[in-house]
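Taking it in order: structure first as structure tokens, then the write-up.
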Amino acid sequence: FGSAAKADDALAKVKAAGELKVGTETQFAPFDFIDAGDHVGLNVDVFNEIGKELGVKIVWEDLPWESVLPGLDAGKFDIVAGPATITKARMEHYRFTVPIADATCAILKAAGDKSIQKPEDIAGKAVGAGKASSQMDQLKAYAATLKNVDIREYVDNSTAYADLAAGRIAGVANSLPNIAYVAQQRPDTFAVVEPPFGQKSYFGYVGRKDDDHKSLMDAIDQALVKMKHDGRLAALEKKWFGLVFDTPDTVPTPNF
Amino acid sequence: MDPSGAAMTDLTGKAAGLEAGGVALRIEGLSKTFGQNTVLKNVDLAVRHGVVTCLLGPSGSGKSTLLRCMAFLEEHDAGIITVYGEPLGFAPKPGGGRLRLPHAQVVRVRRAIGMVFQQFNLWPHMTALGNVSEALKRVRGLSRREAEARAMSVLERVDLADRAHHYPSQLSGGQQQRVAIARALAMEPRIMLFDEPTSSLDPELTGEVLSVMRHLAQEGMTMVVVTHEIGFAAQVASDVAFLDKGEILLRGLAKDVFAKPWHPRLADFLETYLDRGAAVLV
Amino acid sequence: MTLDLDLILHSIPAALRGAGITVMMWIGGGLVAFAIGFLVALARRYGGGWVRWGLAGPVEVLRGTPFLIQLFLLYYGGPFIGLRLEPYEAGFLGTAIYGAAYFSEIIRAGLEAVPRGHVEAATVLGLTRTQTVARILVPEMTLLILPSSINMMIILLKETAVLSIITVPELTLVVTAIGSAHFAFVEALLLLALIYWGIVEAASALGRGLEAGLARYRMV
Amino acid sequence: MSWKYFELLALGAGVTAIISALAIAFGLAIAVPIAAASLARNRLLHRLGRSYISFFRGVPLLVQLMLIYYLLPGVGINLPSTVTAIVGLALCTAAYQAENLRGGFLNVAPGLIEAARMVGLGDRQILLRIRLPIAFRLVLPAIVNEAILILKSSSLVSVVGVSELTRMAQNLSTSTFKPLDMYAMAGLLYLLLNWCIAGGGLGLERALHWGRR
Amino acid sequence: MDPSGAAMTDLTGKAAGLEAGGVALRIEGLSKTFGQNTVLKNVDLAVRHGVVTCLLGPSGSGKSTLLRCMAFLEEHDAGIITVYGEPLGFAPKPGGGRLRLPHAQVVRVRRAIGMVFQQFNLWPHMTALGNVSEALKRVRGLSRREAEARAMSVLERVDLADRAHHYPSQLSGGQQQRVAIARALAMEPRIMLFDEPTSSLDPELTGEVLSVMRHLAQEGMTMVVVTHEIGFAAQVASDVAFLDKGEILLRGLAKDVFAKPWHPRLADFLETYLDRGAAVLV
């Protein structure tokens, strides 16, 4: 870590300030959400551990998802929690932490909708996904292999879920962990369409790619790997998803 | 009795019939209240056919309100107004009290009346010709050509044929008021009401409007005029009524009233005018 | 900071399509809003006490809450009362209703600003109420409310940015999506600002032209 | 709906109220010189005033806020979210208030200013003692109207990371899955805040009646 | 030469110095153009100290413009105005032409001048006392107490002490105009200019304002009055100037002008007043 010695790089600044600023959107259960007024989720727990490793306090900033990555670019915070699906395009602009969860994309449908039994059944129906999300890209790619899927873009996932509940669309594409959580919370309204339709992909936290942030990102990666090995991450995954994901210790080359 | 005495009785509104030179518009026991404020109290007045009646009185005495009642722009609270014998707005009930007349009847009787306002009230989005011909088209149902021909001839009467295609904003105050007179005249009313027709005009533009009114008077139009132009009143009016605090203090022939203003309030009132015009004449 | 001009240039066609949808929703919704507003204003002026009271409440609520919240309730709440609207329909209707509340107030003020004497002149001449409204009140009022109506239309244009929350692919949605896809947020925002500013300036210029054209009717 | 949620929404409403109040106050303060500039005879001042108004009225607030948030750091100005929100709202509303005030200034009878000049008052005294109070009173209803609009527009500041009323309602609707209840409640709170502004406006109008009935 | 003849020469603006009863304000060769429209043409006038000068003339003849030039509310395009010997706005250059004087100089010379407008122009957000004391505080730098005491004494002079704490909207037109006079008087001007001070008043309120002006005249205030109140002019004015189409057609002692209006335009002009007031008096 040759550059870690620089006195004024991002890691040094974070340590000097005693706080790590994390941007996120608190509408991404179970990673980040508001429960009875409190900000909770996997991210909150994971970052608390990271904070302990680095010896700093975590300061959260909540923004609509479309503002989160621009905010990172503008230096409004040090890292983005999200998390975001690790994609080729994003890796050109950002540096991802090591994967923290599986992000493979699946379809959420209305409970009791018999017409959708497998992912291909969305052909001829309206399906939504979050605007500017990698799930949207995957959905578009997948839909191109089917017949006239009507794709709707939503500014956030909750409006897409609301529209699914209202019956305007037949499905919502999102990563499996998210929709599994939603379906588990409201089993009488929503159900997951198995299996996932997308290619294997992972979630990671997003940081800046420049030299200045290298030492900070390295330090966070170290902390995460440490958490994986001592079982802390697995415990948290169990707590929030009810299952444990098998994720690699380095950032794999994305499929898309 | 001498003739002027007879004329004064005539104006009480109690006597006189519908013979030539008879009563055009009669007001009996008229009262009008705004909220708590009684603005007209038991007013009797007979407007004689074919002559000019001037309403004088201090500011706030109720002149405008009385005139507006004559056009049924205000509903009077008590009393009866008849226009050439026909009741306007309310008819007396045989057993006492009054009966509200239907709207159609109001519209019909009001046809006999034309009104000219202090603020002209021309419609700014129509030319002079449009202002004058509008009611001819919509109310009389004339074709556009007929209406405009008729409007044109009325504009000629007020000497404004050359301004027919100007919008109100392009006309001087005096010209605007003449268009307003033409607009009323075009409907061929039998009685014309004027509410301070010159008092929003510059002194020098007043003349042209007074001159049009003088012509109308000479042609025998029945007119009721509220004005502060004492000179005009003295020259043109046959009858004068003086209002004070909502009551008619006196009425009579103009020549009597101006020559010997025997009532002290009237004398005071005329005094303020004399004070300001007299020095020129000595 | 360097701007990716190429990206801006390449985004223009897509942005213009978004702008087309924005303008369509704006003009269409705005015109319907004006028409509804006019009827509401007339009803509030000439209607009975019940009509007046019944209309005053909704107008106040519509003017007092953010467009975003109204749209959300209409689109996502509508189905619960059996009103299932597609995005364009909901966007159009929402814009029309929201605008109508404002226009009804503008028009009401306009009707009141026509000097009473102009109406009385018509009454004495024997014009009926309908004729007076159609021939005197409406044309005179048009002149008086022109500036505030243009202003309102411009406000409405900018409010249409909110339609993105109900998935109408209008200008803001399209351009910010391009920005996200290429991680070029500042470029997208500048392009967006420029296009909106252009539409607003064009609308204002049109409004000024209209006003100048009608100036001769104006009393000084 | 549980009391807890209402409390949280009320908290959001508090944030909305404070941000809007500060934005309205600063906006008015900025609007005075802008209005004066846009009426100035000096060509440069006039241009500056007009361009300010044209830009801030021509671009949606949403875009302005994001520009302040994302563009300014590029030139070394990094404002916290709350400050960005207040500054953004204030700069935007200032353009509208300046137009309102400009209309007011134009409608101050020129004779009133000539009378001031004749008794020897200077330009600045005339602006502050004569033109401003009269213009302000003339356009007070429009100013109150704009205050209500800016309160409603403050629902957009969540894009720069401020958890105000609308954002609170969004967050709560995600976690409760009851978006309609949350939004309807938020709407009511907006109405309540607006009534406060409208009531304050009426009170101010009455306080500044200057003897009129 | 007889005294009246001498006085007429005095008013040409060419003769007369600064002795008692001398020239307070002198206008030489003044011209004023609005766009294409030449409103004042080479006007010469001397306003005598301690007496009342009336400006008469038809509407649009340039009376208001001339008065506004005297207060430098309009900048004249040519000519020189001197106030008690000091140039106002422009000074003559030795080699010919004029020199624009600095703003501070304009403000200083203008202190000698008070002005009363047709529309009163009271500041609506201040009470009568506030209107009168404002400039005493801001311009003279008096403390609030001193300024209000002084303002109060001036309000007493116009008989309005009991209305000191009323806002303009709570005062009648006549009272408002008296406050406006007080506001100007409080600054102790040496010359008072009046532009149709009564013409936006109801006839019945005119008297109170004219009476205040009559008092001022009796106290020896130098006054220039544009008015349509011919009676007042004839009674109070010592000097009269008659403007027509931007030129001074004649000037002279009031008693000569009104007794024998030898110029045909003036005779015509007075005629319109006689026409409208005369009938009352016969």
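The letters A, B, C, D and E name the chains in turn, as written, and every chain counts its residues from 1.
Just so it is clear, contacts are C-beta pairs under 8 Å (C-beta built on N, C-alpha and C of every residue); 3 or more make two chains touch, one makes a residue touch a chain.
Here the structure is a predicted model, which means the values were calculated and not measured.
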Looking at C-alpha means, what's the farthest chain from subunit E?
A
Could you work out which chain's C-alpha centre is the most distant one from the centre of subunit D?
B
Averaged over CA atoms, how far is the centre of subunit A from the centre of subunit D? Could you give it in whole Å?
37
So what's the Cα centroid distance for subunit C and subunit D, whole Å?
20
Mean-CA-position distance for subunit E and subunit D (Å)
46
Using mean C-alpha positions as chain centres, tell me how far subunit A is from subunit E in Å, no decimals.
82
Multi-chain touching residues of subunit D, meaning two or more other chains, are 66, 70-71, 74, 179
Shared-interface residues of subunit C (touching two or more other chains) are 76, 80, 185-186
Touching pairs among all chains present in the structure
A-C, A-D, B-C, B-E, C-D, D-E
Where on subunit D is subunit C touching in the complex?
54-55, 57-64, 66-67, 70-71, 74-75, 148-149, 152-153, 155-156, 166, 169, 179-180, 183-184, 186-187, 190-191, 194-195
Contacts from subunit E onto subunit B in the complex sit at residues 58-59, 199, 202-204, 206-207, 210, 228-235, 258, 270, 272-281
Touching residues (chain side subunit C, partner subunit A) in the complex:
76, 78-80, 84, 86-87, 164-167, 169, 173, 176-177, 179-181, 183, 185-186
Give every residue of subunit A touching subunit C within the complex, in rising order.
66, 69-70, 73, 90, 93, 128, 131-132, 152-155, 159, 162-163, 166-168
Residue ranges of subunit A in contact with subunit D within the complex
23, 26-27, 29, 33-37, 61-64, 66-67, 70-71, 73-76, 156-158, 161-162, 165, 185-186, 189
